[in-house]
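When the chains are written out, they are named A, B, C and D in that same order, and each has its own residue count from 1.
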Amino acid sequence: MAARVGIVGLGYWGPNLARNLSALEGCELAWCCDADESNRDRWQHLHPEARFTAELEDLLTDPQLDAVAIATPVPTHAPLAERVLEAGKHCFVEKPLAQDAASAERVAGLAEDRGLVLMAGHLLCYHPGVRQLGDLIARGELGEVYYLYSQRVNLGKLRADENALWSLGAHDVSVLLELDEGNPSEVSARGEAYVRDGVEDVVFAYIHFDTGLGAHLHLSWLDPHKMRKITVVGSERMATLDDMALERKLTIWDKGFDPSADTYGEYITRSGAVWSPAVPNDEPLRLECEHFVDCVLTGRRPRTDGSAGVRVVRVLEALQASLDAGGASQPVGAAVGTGAEA
Amino acid sequence: MAARVGIVGLGYWGPNLARNLSALEGCELAWCCDADESNRDRWQHLHPEARFTAELEDLLTDPQLDAVAIATPVPTHAPLAERVLEAGKHCFVEKPLAQDAASAERVAGLAEDRGLVLMAGHLLCYHPGVRQLGDLIARGELGEVYYLYSQRVNLGKLRADENALWSLGAHDVSVLLELDEGNPSEVSARGEAYVRDGVEDVVFAYIHFDTGLGAHLHLSWLDPHKMRKITVVGSERMATLDDMALERKLTIWDKGFDPSADTYGEYITRSGAVWSPAVPNDEPLRLECEHFVDCVLTGRRPRTDGSAGVRVVRVLEALQASLDAGGASQPVGAAVGTGAEA
Amino acid sequence: MAARVGIVGLGYWGPNLARNLSALEGCELAWCCDADESNRDRWQHLHPEARFTAELEDLLTDPQLDAVAIATPVPTHAPLAERVLEAGKHCFVEKPLAQDAASAERVAGLAEDRGLVLMAGHLLCYHPGVRQLGDLIARGELGEVYYLYSQRVNLGKLRADENALWSLGAHDVSVLLELDEGNPSEVSARGEAYVRDGVEDVVFAYIHFDTGLGAHLHLSWLDPHKMRKITVVGSERMATLDDMALERKLTIWDKGFDPSADTYGEYITRSGAVWSPAVPNDEPLRLECEHFVDCVLTGRRPRTDGSAGVRVVRVLEALQASLDAGGASQPVGAAVGTGAEA
Amino acid sequence: MAARVGIVGLGYWGPNLARNLSALEGCELAWCCDADESNRDRWQHLHPEARFTAELEDLLTDPQLDAVAIATPVPTHAPLAERVLEAGKHCFVEKPLAQDAASAERVAGLAEDRGLVLMAGHLLCYHPGVRQLGDLIARGELGEVYYLYSQRVNLGKLRADENALWSLGAHDVSVLLELDEGNPSEVSARGEAYVRDGVEDVVFAYIHFDTGLGAHLHLSWLDPHKMRKITVVGSERMATLDDMALERKLTIWDKGFDPSADTYGEYITRSGAVWSPAVPNDEPLRLECEHFVDCVLTGRRPRTDGSAGVRVVRVLEALQASLDAGGASQPVGAAVGTGAEA
């Protein structure tokens, strides 16, 4: 039995989903939907197995269709997801799940009420290196995690409709929430819109967790370097995940300060071995698509479910509020109250 | 004719000053002063030309002594500098000039009143790479400077009496004030004290200038990497100064966004040539010492005079206030009002 | 008008040629030929525009077919190319043109006799960075070129039918002959077969030109590093082409020794600026295919014509002779005597 | 009790020996000898504890002197060492021990006859990273060592009296002979003298051991890069020692080819974990000096004794013969026949 999936949105990212879903065993790419005729024309010959349409309604009324993946502009994520779920289809939504926390909660609640699979496209949560880093932390190999920082910068596509916080930061926030079991309590962010008025191209964000963990994000598409890197500093060891590295993506550093045996209150610097476990080369996007299809077929709850989608949007919303307030610290909204948790 | 200089403080940094001053033509190392006998014993044999004492008074009352260099713990900088200036000697003070802006202003004002040379030990302002970077910016080679960020992190000495902001950040703030002609208007900082209570080992600082320039500092002695790097992003080009690089310390990147000729409001990514001018290998510390001796001999005003010292302390003070306030933005104090500017 | 091209060999490399040729304007992929049914089945759905066959004869007897590209195992290159040329079709042959110089000469001579386009698939000669490096040298920007060395190592596919010299070295030899106008006069090579008996996985080769130029190749698929790098040392400047670098692939170093002005016979080390011109991102394979199609359509002589193919094979043959002789220096065969030069 | 040591030669390297020996407990720097008055004047004030002289005879006739360290130009190594040993003093000789194998054997034999300590200054054999690499190999962690290669290149001092083989290659040959238990059986070398007639600035050398091990050296002081790196390829794992790296100097790579379980004669590429043990930061030169002093005081045989010195010179001599013969393979002379082995 194969899951029959349709895709909405053939702009920048949708075709990647189409390609991956269509190549998966257990999945049949049944529909491709985009209002723009040129987008449809461009991809139709690559997916002769799918029907192409401008009307979402064609997908929603197809009784054979199991699920819909949404890869449209961010403002449409929540409204489209609601239509999909109300039509009784399982739903995948590109990150972020919605543009505001209230909408994200509504979508997540709807999926719970209807008993449908809702998966937020938090791509990096399916990165084998992120998974291994999370395992390391959970096993306590770094000791107590003091803080971490992420660098996600390059000279990239200048966006008009999303700032660097929402476009790049959604990745890091989703990873953060996977790595730490605590809850973000308050945040602050500074940033500036240099090239295009009103769209921040550079953002520095700080997230404080109720566990004491601090996290800093440097987000920019206006930078001479290309970095995709997370550094985690623990009381026993440190770790880095460098996604631009061809090898040694994940590295553990036996570094830190040890209390001196001789003098109370003094510390000795420890700089020991450094090692990099092998990280499988599996593409995160393929793993993400596999996971979605598996959840659709089995009814299992996705690792990045509606609740995870809501949590990410809440942090982004609070960071945006701080950005708008010139860096003043902002609280992060209360724990998600979806039907699932009621 | 040679300048006769004495040094106060033979702890961590003072011996480096002693070694450099003593090797300079035009300078005679006349006195070394430290209250700790073991420090005096340790260095005496290397400087047979100097007299060693525990008493600052010995230096202040030596009519042959022209100048005193202060390399003692930060809290003593301002009080000692005042004594030196009141005794009519020229004065060099390690960075930061003082622990608070009011004291720094008092020291700077005293030097102006007495017509004495006062130089703040802003070492990086004498780094050939920083000088070249400053020239690049001043010539407009980067276009309008949008923002810059500095990374000054390593697994370093765990300090008990200075946090990462004052210990590491003083370097970056002094450079910043050299690179931009504007004034810092407001700042914010987040940081945490992980290893030693009350002493922040990791600080993220943001400085906003009245020219619109933004600057971000990442300061830490609790990090797996060793970075000493400044990245400047301009409207025309970008530049990096990487002090850990053995070659290509200074690099200019012909990168940015150009307005599209075809479509109004669209931008094209430009990723052109990259070049690294030769940067002389001269040691910043030697150049700094030379400059001080030259100022003492000629009466010239140092590049990093009392006024520069005051400006750095003001920014650090405002950042500390923000750190204490959990990141809330803080204004930077008004322009320095020393006698020189009255 | 479009060139109608057929491909022979759908193993490792042929499908890449098929994909590129089929995407080119001015080219029609008319035939795909492979004796192995599973290979044909695997690629047929991607190229619905082409006819698939097990018989080369189908291509040779198609009067509409203009040209054939050969991507079969090396021993078959020359015999297949002869059949193609004798059938009156233009011919592209993957590198190396043949397994021995005599066969290569026969093929090259045949193309000249028939007035047909014969192009050797010296891929790197179409690399934009190699072209720029060649221009630099030709313009004299490096001064007199003293020597160059290439590192082409990784942990790669362990081959059974070609050693590292023929498989990896063909790339470097073809580039060498482009970069220098002289002729290789004698060569030596050392190497060992560590993993598979009789197939050298590591080869060190040295090529001496009649211009005095020396060139050294390090070829290996048994190495912890992945390097694709050429270093050129000239009397005035040096240059590197690092194909693993994402940026700054081509770099010019203003380094060398200058005669001292003071002391006759003494030299001063010069370590000046370093710069990296932008290198277009165009894929060498696409450029190579475009060039072949252009030659087919216009009758122009390819940059890597039969004569170039012969020269590369001659050098490889001499290096293999030295390898077999335990490193003893071997002369390189006389200049090619094709009809074109008669 | 302290060893009383004298130094001969205060040119480029001698002062480093003087500084280290003089700082060692258990060693007294008694004499510094150099025929050049300006050399003596330059260093005398740094070593008030030593007597300075132009006459070696002053050292040889001092009954209190235990040992002499020779850091003079290479041609004088053997004659001076013979005088020192004949005067009954222990002797340290900078690498290489002599300019030809016959002289080296004479010096080594003399030390054996007289029962004196003779130590060759094979600095890298005292490098903690080389020691750890040697232990790794000896413990079999790399499996069977297939081959290794060394890169020792930079833009360095242009020498007039030693070529790159003798000046740079002596380091690598001494390390090689430590790492492998076998004997070099035959060698070949290619090189050219580009800047200064008759003095090769670039040499590629190949050394074949009777154990089957192959070793390749790339030696140059005419290169844009600065590399000090050894790569060892074993049947189970690979290792690199990168002396230019500030961290991760020694790295072990779990890489190689494994026989396929499915298909006889097929191999699977393995690319597993990568790790870097901590390498102590101890300076090789200090360790070398400590070892010499310890041998002088205890009569113990140095790790790099006369016999080791002879073996290195024999390999260099054979490589030079090959260089002179345009790369023709040369045998390495028979095992050393010093009195010790008789």
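Everything below uses one rule, namely that contacts are C-beta pairs under 8 Å (C-beta built on N, C-alpha and C of every residue); 3 or more make two chains touch, one makes a residue touch a chain.
Keep in mind that what you see is a predicted model, and the values were worked out from it rather than measured.
Engineer: Of all chains present, which has the mean Cα position farthest from that of subunit A?
Structural biologist: Using the mean of the C-alpha atoms as each chain's centre, the farthest one from subunit A is D.
Engineer: Is the contact between copies subunit B and subunit C built from the same residues on both sides or from different ones, judged by whether over half of the numbers are shared?
Structural biologist: Counting which numbers both chains contribute, over half are shared, so the two copies meet through the same residues.
Engineer: Return the chain pair with more inter-chain C-beta contacts, choosing between C-D and A-D.
Structural biologist: C-D is joined by more C-beta pairs in contact.
Engineer: Roughly how far is subunit A from subunit C, centre to centre by C-alpha average, rounded to an integer in Å?
Structural biologist: 43
Engineer: Quick one: subunit A and subunit D, Cα centre-to-centre, how many Å?
Structural biologist: Distance between chain centres, rounded to whole Å: 54 Å.
Engineer: So the centre of each chain is just the mean of its C-alpha atoms; given that, what is the distance between subunit C and subunit D in Å?
Structural biologist: 40
Engineer: On subunit B, where are the residues touching two or more other chains?
Structural biologist: Within subunit B, residues 247, 271 contact more than one other chain.
Engineer: How about subunit B: which of its residues touch subunit C in the complex?
Structural biologist: 247-248, 254, 271-278
Engineer: Could you pull out which subunit A residues touch subunit B in their complex?
Structural biologist: 146-147, 149, 155-158, 160, 186, 188, 190, 192, 194-196, 202, 204, 206, 208, 214, 216, 218, 222-225, 231, 233, 235, 238-240, 251, 253, 255-257, 265, 267, 269, 271, 326-329
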